[in-house]
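Single-structure report; data block below.
Note that the chains take the letters A, B, C and D in the order they are written out, and that residue 1 is the start of every chain.
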Amino acid sequence: TKLAVVGAGAVGATLAYAALMRGAARTVALHDINAAKVEAEALDLQHGVQFVPQAEVIGSDDIAVCADADVVVVTAGAKQKPGQSRIDLAGATIGLMKNILPPLVEVAPNAVYIMVTNPVDVVTYASLKISGLPPQQLFGSGTVLDSSRLRYLIAEHCGVAVQNVHAYIAGEHGDSEIPLWDSASIGAVPLLEWNRSGEHGPLTEEVRATIAHEVANSAYRIIEGKGATNYAVGLAGTRIIEAVLNNEHSVLPVSSLLDDYYGIGDVCLSVPSIVGRRGIYDTLQIPLSDSEYDGLKKSADQLRSVARQFGF
Amino acid sequence: TKLAVVGAGAVGATLAYAALMRGAARTVALHDINAAKVEAEALDLQHGVQFVPQAEVIGSDDIAVCADADVVVVTAGAKQKPGQSRIDLAGATIGLMKNILPPLVEVAPNAVYIMVTNPVDVVTYASLKISGLPPQQLFGSGTVLDSSRLRYLIAEHCGVAVQNVHAYIAGEHGDSEIPLWDSASIGAVPLLEWNRSGEHGPLTEEVRATIAHEVANSAYRIIEGKGATNYAVGLAGTRIIEAVLNNEHSVLPVSSLLDDYYGIGDVCLSVPSIVGRRGIYDTLQIPLSDSEYDGLKKSADQLRSVARQFGF
Amino acid sequence: TKLAVVGAGAVGATLAYAALMRGAARTVALHDINAAKVEAEALDLQHGVQFVPQAEVIGSDDIAVCADADVVVVTAGAKQKPGQSRIDLAGATIGLMKNILPPLVEVAPNAVYIMVTNPVDVVTYASLKISGLPPQQLFGSGTVLDSSRLRYLIAEHCGVAVQNVHAYIAGEHGDSEIPLWDSASIGAVPLLEWNRSGEHGPLTEEVRATIAHEVANSAYRIIEGKGATNYAVGLAGTRIIEAVLNNEHSVLPVSSLLDDYYGIGDVCLSVPSIVGRRGIYDTLQIPLSDSEYDGLKKSADQLRSVARQFGF
Amino acid sequence: TKLAVVGAGAVGATLAYAALMRGAARTVALHDINAAKVEAEALDLQHGVQFVPQAEVIGSDDIAVCADADVVVVTAGAKQKPGQSRIDLAGATIGLMKNILPPLVEVAPNAVYIMVTNPVDVVTYASLKISGLPPQQLFGSGTVLDSSRLRYLIAEHCGVAVQNVHAYIAGEHGDSEIPLWDSASIGAVPLLEWNRSGEHGPLTEEVRATIAHEVANSAYRIIEGKGATNYAVGLAGTRIIEAVLNNEHSVLPVSSLLDDYYGIGDVCLSVPSIVGRRGIYDTLQIPLSDSEYDGLKKSADQLRSVARQFGF
């Protein structure tokens, strides 16, 4: 199995590291336009090969390094330039995808594509149009990371292992994202009925608001403190890669092209979806509260209108 | 960290193997009254040490081999003799615990005790009385294995990864066990509302009945086919051991002394519980349907009456 | 990736268990002529799937279950019958291979074949002839297990991690096997020059003789104590499977058809060999002492003459 | 078990990430004087906890966060300032250790200390004097990383798995380091006798010179291309931590205070050493060629004279 990572920046290189440590793929290929950087990252990763499951690491500024990949993760990003607005950045990033995707799809036509570059939902939507790939085969990492943050905070509050928290963030990977409290559970206890006594007690509206706020803002806090986020997203991306390469049929909140999800369509955003070797197999019909549904619809409208701005 | 396994039969030795492969403990001690067997099992395990995380394996018919263990798993069993009824077997097993536990608790007073020997719920109840240990510190492996079987069958039916199935079996580890369908979920979809189209469709009453029947009977089928069950129980036991030694606060349906669980008390049976370094931290108040509650109560009454038969 | 295990006895089922726990293959197929047993083993393994890397387990008495496997491990054995000598047993086992291999190779023509059934070297030689497969593609598990035992004992004596002991057993998997002391090392210290002070001191001729004796006899001791060996061989087999499926090019002492190994040929026995996705890539020219060379030659002569007895 | 990492820069944070992914410790504490950064790194790591073995991550600019650690890794570094020579940098770094170590040893008196900050050998020597800790308990990561690079290149050349290459770099972690070719082996073949035919042929003097040069210079190449090295060193550090916390007695080329190593003493440099729970148990007497011995002696003299410059 071969994993190709396009963009060997903070996110791309860390993701390659995590994938190597987990033995997610037999070959890990890094591609970046910065030749010196991509070779340095590949070298640094190669020197660690002794300590991880057997794998081959290659890096190059030639896109051919991605040939015949089984999974391609796109983390290449356009840097925000002075005077450039967030929407301008989205435009620049979409422009980047127009350059990157056609030659990439040519060398790796059968890969499953996982988009990570932000704004990930809009980039995924545009990339589907640009590449012409079927929606099953190209999707965004979406809110896998956000859901992981949510679960961490719930687990801390409730005093249970994070693996026992079953909760998802849906919608945009960004400010309009929605925690799906209504369908969340801890063990087999509905989250809204959680009633342990003491410090690990009920998740009151106040507690939930604090947690939701922290999830939505932690990326900002991290970027302020260290300039980028890379560790958790590296693991979240690796998790998706594993679901694909091991054909796990795992439920993951990735950003995919919705058709008629409770009436929502023609937009890429995250809802819990079944992910396996061929990409996305299905989206799950999660029961939503009214306000969750409203949030999701608003998130969709917003994302759709951004896409429209760039002619998609 | 030190794991001691008492009884190096099919279950005990396989559990030690699984624990070694997962690196669950630094020292694994096997104890059995059959000296030749316990030494052979220890030797066979030692020869595999090259292929697993660093660990030390020791085996002896002297109980002192368990000294200062952090976790003790009890799998020592009395074999059913011709003409002996199941209840007689329970009696013999309880007799065995009267011999085993006092010297064991003496050499490993601070260990968390996990009972596996059947009938596990009654044995756990009796062992609490015999040992005088606090209920937090001694419990049974309960329905961790049964729940794993349940999840496997649900996952197969629904076409999702087993890790995304959140469902528990409660009650007796045995014929009166109860699948908790009402609180079960797949991803964030309530199991009873699962509605994928095609072969992976709804879990109708009929489907659920088939699954429940298969779960309750698979142990019999396996024992018929191969004489014992050991692989899955070895992993289930290891899972509990990890929850303890890593202080995970994981939710696991272990068999513990209930005090007032929806009014049920003075009996050991399985409900989802929080397990960590000191043993059991809490039981979770799962919302139960009426029939689930009735089933649990009946299971409790039965188990209590068996215990009474042996003077507990 | 698909692993097929032929023979779901003590060795085959344990090997499948170890392979599942290590995530060595995505599909694990068990085949045995005993339908009830193979289904029971498959069920028991399936119930543990929740606790291991995602995988599918299937079991059947129909050889078709092995179709399109990437690796096939053969552990099917003929039981020794009263009055049957060891040589008779070899004959019966070879007869078994004549039945098993042709249909097996038909359904899994591209698999790498790893023979485990004893006497493994003779069985491997005969199987090459029976199957017509190229020597690269079919080989025996050989002395991987014996070498692991040797390393364990050296590590114990020297007070170092077993992973730092680099030593091999060559020749027959059996009584005429030869520990290659001359080329062995611990860290980068030649084993024969090891001179730590105290209890972990030099490996004198006496110490080496004791260790060699223990290695050669431990299988007998284990079989006496527990009726079979299964745990270490399950891990040793899994190690070989990983080397193949991950295309590791690992050095492992497997039993392969020698052509001109220091003049030795037309026999299957174990020397350190490079193992990867296509099977055996090369054998390593280990520097041998005179007595090691003599031992190897004698081992070869013996194995060749046994093969001749059965018309190979 | 608790791991404390002092200095949450590129190396420290990546090492914490690797340690978390491998489940090396139950608690990972990060300490840095840059409060915003250390909190951001801790947050980013926490958000990945869902995907790794259960662990707790804490981060603070208060040294108390390291209290009662079992292992402390020191990666805090003084940045080279304009006009500052390399020797000046060494002086600044030693100054840093004078500030860091006393309060650190006070809160974590029983930890094993692993120094990573460069120039690591001199820093280790000075830190022993500053802290007053016994030489067994404080040592440097030394040439574990360099040896890993060496093995990677040898493995590539020979076409074997890197795990089968047994070779060490000794001496300074830096320009005067010495590859120990004479005692190196591949499988059980002495490296100098390796004679596979074709592209994977003998390691001629020319090949060895190229490899040695690449090892010594790769850090420079990586730093040029990406500004720092972090991935391989993160894994190398984690490897040492595991050897300590699992009490592995593994052979690792760490930098320790030599007493009379072939006559060399009163200096910290790397030779293969046995590492376990109490730190360093022994150094191995590797047979050295004359030129290897000369190199080691020269390396020692150089390191000693640098230490002297700073009054140690």
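Before moving on, here are some points about what is shown:
Just so it is clear, a contact is a pair of C-beta atoms (placed from the backbone, for glycine too) under 8 Å apart; a residue touches a chain by one contact, two chains touch by 3 or more.
From a predicted model like this one, the values you see are computed outputs, not experimental measurements.
Comparing the chain pairs B-C and A-B, the larger number of C-beta pairs in contact belongs to B-C.
In terms of the distance between Cα centroids, chain D is separated most widely from B. For A-C, the equivalent interface among the listed pairs A-D, C-D or B-D is B-D, as over half of the contact pairs agree by residue number. Note: centroid distance chain A to chain B, computed from Cα atoms, is 37 Å.
Counting partners per residue, chain C has 54, 161, 163, 248, 250 as the residues that reach two or more other chains. The residues of chain B lying in touch with chain D in their complex are 23, 26, 53-54, 246-248, 250. By the touch rule above, chain A contacts chain D in their complex via residues 13-14, 17-18, 21-22, 36-41, 43-52, 54, 145, 148-149, 151-152, 161-163, 218, 221-226, 229-232, 234-236, 238-239. Here chain C touches chain D in the complex through residues 159-161, 163-164, 166-168, 180, 183-190, 193, 195-196, 243, 248-251, 272, 274, 281-282, 284-287, going by the rule given at the top.
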